[in-house]
Amino acid sequence: MDATPFDYQAVLDQVARDVAPLVGAGTPAEYIPALASVDPAQFGMALVTMGGKVFGVGDWQVPFSTQSITKVFTLALALSAEGGDSLWERVGREPSGNPFNSLVQLEYENGIPRNPFINAGALVVTDRLQTLTGDASSELLKFLREESGNPDVAFDAEVAASEHEHGDRNAALAHFMASYGNIDNPVPALLDHYFWQCSIEMSCADLARAARVLARHGLRADGSRLLTRSGAKQINAVMLTCGTYDAAGEFAYRVGLPGKSGVGGGIVAVVPGRCALAVWSPGLDAHGNSVAGVAALDRFTTLTGMSVF
Amino acid sequence: MDATPFDYQAVLDQVARDVAPLVGAGTPAEYIPALASVDPAQFGMALVTMGGKVFGVGDWQVPFSTQSITKVFTLALALSAEGGDSLWERVGREPSGNPFNSLVQLEYENGIPRNPFINAGALVVTDRLQTLTGDASSELLKFLREESGNPDVAFDAEVAASEHEHGDRNAALAHFMASYGNIDNPVPALLDHYFWQCSIEMSCADLARAARVLARHGLRADGSRLLTRSGAKQINAVMLTCGTYDAAGEFAYRVGLPGKSGVGGGIVAVVPGRCALAVWSPGLDAHGNSVAGVAALDRFTTLTGMSVF
Amino acid sequence: MDATPFDYQAVLDQVARDVAPLVGAGTPAEYIPALASVDPAQFGMALVTMGGKVFGVGDWQVPFSTQSITKVFTLALALSAEGGDSLWERVGREPSGNPFNSLVQLEYENGIPRNPFINAGALVVTDRLQTLTGDASSELLKFLREESGNPDVAFDAEVAASEHEHGDRNAALAHFMASYGNIDNPVPALLDHYFWQCSIEMSCADLARAARVLARHGLRADGSRLLTRSGAKQINAVMLTCGTYDAAGEFAYRVGLPGKSGVGGGIVAVVPGRCALAVWSPGLDAHGNSVAGVAALDRFTTLTGMSVF
Amino acid sequence: MDATPFDYQAVLDQVARDVAPLVGAGTPAEYIPALASVDPAQFGMALVTMGGKVFGVGDWQVPFSTQSITKVFTLALALSAEGGDSLWERVGREPSGNPFNSLVQLEYENGIPRNPFINAGALVVTDRLQTLTGDASSELLKFLREESGNPDVAFDAEVAASEHEHGDRNAALAHFMASYGNIDNPVPALLDHYFWQCSIEMSCADLARAARVLARHGLRADGSRLLTRSGAKQINAVMLTCGTYDAAGEFAYRVGLPGKSGVGGGIVAVVPGRCALAVWSPGLDAHGNSVAGVAALDRFTTLTGMSVF
């Protein structure tokens, strides 16, 4: 299963050399102190094969704030927990064409967010997971520890508190959807779970391991099934069309892989049936995606031909 | 001062006869039980002269839920308390062209509401009054009791609780503006004051008396000055262009007076330098304005020629 | 009828002195050469009494490009020609809350413009007048010559040609409404009439005389009736709420009179039952209204107390 | 090259049996007579291998109106003709999140359409091809005849005339972009080329053959290169994220292939490096995509596992 035609370590090394001039470019997220104070001159990348072999380069074992990347795993857990499709009556699967935290489209579409990766959509998914499990953020943390094999994966209380303090926009989104009947749990509790999820710290190695379930068509690290093959395919499709904020078309065009980014500078990407990747560098472009991270994935698909297109 | 050319009582009686077929038309507000259960077959109208003489017809002494009408008085108090113009840096004076509780325009205009009579704008005004006085809703109640001369004017706790329960949209507006830095007080406390204000019960007689300050160019019932002449003129101008939700143009076209409506079915109107009016009938049109109330004011200006146009 | 309490000439002289520091402020319209090349250091103001007596100050007899001001007269002619209300099924009477040439609201409201003074609405009114008379622009010119008593009022062919050359936005509006079935005449012919109307040159004296019909509740210069009393009142109401682009609230707040501005720097204003005014100075504010013109009307209502509020 | 693991004919036969109950479901496009009068009970599907071998089922050789499908080929020709990237300064590559003919987003984004497959974007691409070649529609027809190997591929004059007659919305889009300086050619001529392109009739066999260039990473039927490998990848990426109107996410989710649909009921899809497909059935869903066509592609990727995810 791991007899690939590639010397992955050599590829990662090459990628790291090629994007070195871009490390430090862009601007780290500034809306909370914990993100703004990160040293921008960091870069890491990890790859996990189907069989679980891990390759890495640079700062691939340094934990960072995953932020929106965890939305992918919350979605996977919610779909797994409900074992059905009813979530899709409350959140769409279409690109938004608007900034990730916009209320405009939400109003025109009566409180149904466009997709699970804009903030409004992620709030609905978290709300659903909360209803199904009673403790959405703990379920997520437990899952990420198990898949990464790293029991030290943890919430960052300072980040969660900062998110809360700057959380008026998300509170507005949640109350707004509640006014349309699209939130089941009390808004303050929901926001707590949402902010805890965003605060989780993981390294590229941790994240790539956790994303392997999507490359393996729904099979977890222990071999049990989290998602049906169809469910895993669907999440990959949503990642490709909606996973990188308002630049999903650009990401598809340049990288051509399902991916999900976070404003901490991380990106996970999936080559279905082949491998899972995670990359991290704090400097962001105007859309909120890591400058060196996108470039690294672009180089990776160019060197390996592994784009889905 | 009261030697007017009109027999106001005869005019009100005529108006009441003329609009009788419309009383009961339209639909009472249904979003909270206390409003939905009101008997729609009620109609009252009151007029107060510059000198304080009161005329009335029908149910003009029956208290009803003033709802958004109080926004006019909150605005007057905030402008009076700050004794300046800085409020207008945080809220505009232009008609909105969108429903009263829309978030769309708010997003395009970076958290600055269009005018003080849409919900978002009224939240900003309440926030300002709260900062200036420390107890916005109590200040408003005190003022309305004094101007109406009725110490029984009171909050309705059931209505306030219902508003709170259905208050997700307003919570969304407040948090959204807070995310732009346009709310100074904690959102939950602000919402409390806002909902208490909406819950105040007054009769047409009470309201007409309270609105006299705007007909008298800023002079209160006790002869003291609440607003400068210019300040009173400005509030009247904003009432005319923004006072009746998304139908201000229609109201100007038909009635031609500064006016402010509420979803309880009440409307106050001002003939600057002449008199103040209040009318009430619970059935609303599609824009949220009282069907019989607008018709009564239309008849009043036709019979008296008192339109500003 | 002309025994007014005011020495209008003295008032105009005072206004001119007071606003002199503002003459030249702002920026003339720059989208067509004929407007951009006008000397900005000009200011004129004229007043016509109900009986037809004319007062003037400064450049009150200098012809300038009326631009959007003619929309008022086209509206009056269309309402007069149809002798009914059916026009209001095709155009609203509400303030727009958006720039004068925006397509956004038009799309959300299925091709029905908000009011007759934004470009889209004026196109519908011109379309209606064209259907009713067969030659909308000639009818307008004939009317303006008769009311102003000036047979030299004329189209400016250079301005009309420039408007046409820069007319893509208006062509877009017309085709867009045609796609909703809200334009009856061929778009190219309609645009021709529209651009000719905008090109008409008149002086403040001409314009004030022409606007007298609205101060006289619908009576023309020759004593015949153009509009019912109610029709004239309605046009005045629409002017107050929609007559000065996206600053109608500000204009109502400062001036408090029905008024209509044009990007040539002119404004007409009406004091119903008292007089008609026209003012002109080419420098515009950010909303497209004459800086010195708005200030002059503001001073006029302050000096005379003639605001409707 | 054609030694595939699949018996494609058997797969197509299976797909046709599976979707038979859906043939006739949905509603043919009704805005022009030529489309509305098509017999909805038709279904065809064709597949072309990398080597050029063609398989087909049902009405796979019946010509139908390609409509928006030709936008893919116009884009390929424009990119090929300019041999560069400057087109992307005038049109984006992001999903629109709005209906295909909306002006709203265009206004907020200053006349730059979101992507080349919404009408506004296709008008820009056609404008560019017109500037580069002098005869955009003839260039397209010539290319489609050559790639399909069918010299009978032709414009349908009746369809083009109907499109023109109902073309006010597209005229509005073109004039609107021209007002932002984003159209180089005269609008009427541009619209002619645009409508001619939409009118081209082709069969599933013709279309699949023509789309082979995108499966072959840019190589034409005669072995010459139309696009760089990167250029072909980019078009495929745009097809996946933007190719099926406002349902691209749904299409990615269900089908997982780059595809482009037309309101004639046709869809082309590409499996990069494997094959090209075309399917046709006139009944459309609410988004304007063929009901049986989407279902057939869904079945195809399920049966073959050929989804990119």
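Here the chain labels run A, B, C and D in written order, and each chain numbers its own residues starting at 1.
One rule holds in what follows: a contact is a pair of C-beta atoms (placed from the backbone, for glycine too) under 8 Å apart; a residue touches a chain by one contact, two chains touch by 3 or more.
For clarity, every value in this text was computed on a predicted model and none was experimentally measured.
Asks: Taking CA centroids for every chain, report which one is farthest away from chain A.
Replies: The chain farthest from chain A, judged by C-alpha centres, is C.
Asks: To the nearest 5 degrees, please report the angle of the rotation taking chain A's Cα atoms onto chain D.
Replies: An angle of 180 degrees brings one copy onto the other.
Asks: Measuring centre to centre with CA averages, how many angstrom lie between chain A and chain D?
Replies: 32
Asks: Where the CA atoms of chain A average out and where those of chain B average out, how many Å apart are those spots?
Replies: From the centre of chain A to the centre of chain B is 48 Å.
Asks: Centroid from C-alpha atoms only, then distance chain A to chain C, rounded to Å. What do you get?
Replies: 56
Asks: For chain B, what residues touch not just one other chain but two or more?
Replies: As it turns out, chain B has no residue touching two or more other chains.
Asks: Can you list the residues on chain C that touch chain D in the complex?
Replies: My answer: residues 102-104, 106-108, 168-169, 171-176, 178-179, 187.
Asks: Would you tell me which residues of chain C are touching chain B in their complex?
Replies: Where chain C meets chain B, its residues are 92-98, 105, 114-115, 233-234, 236-238, 240-242, 246-250, 252-253, 256, 258, 272, 307-309.
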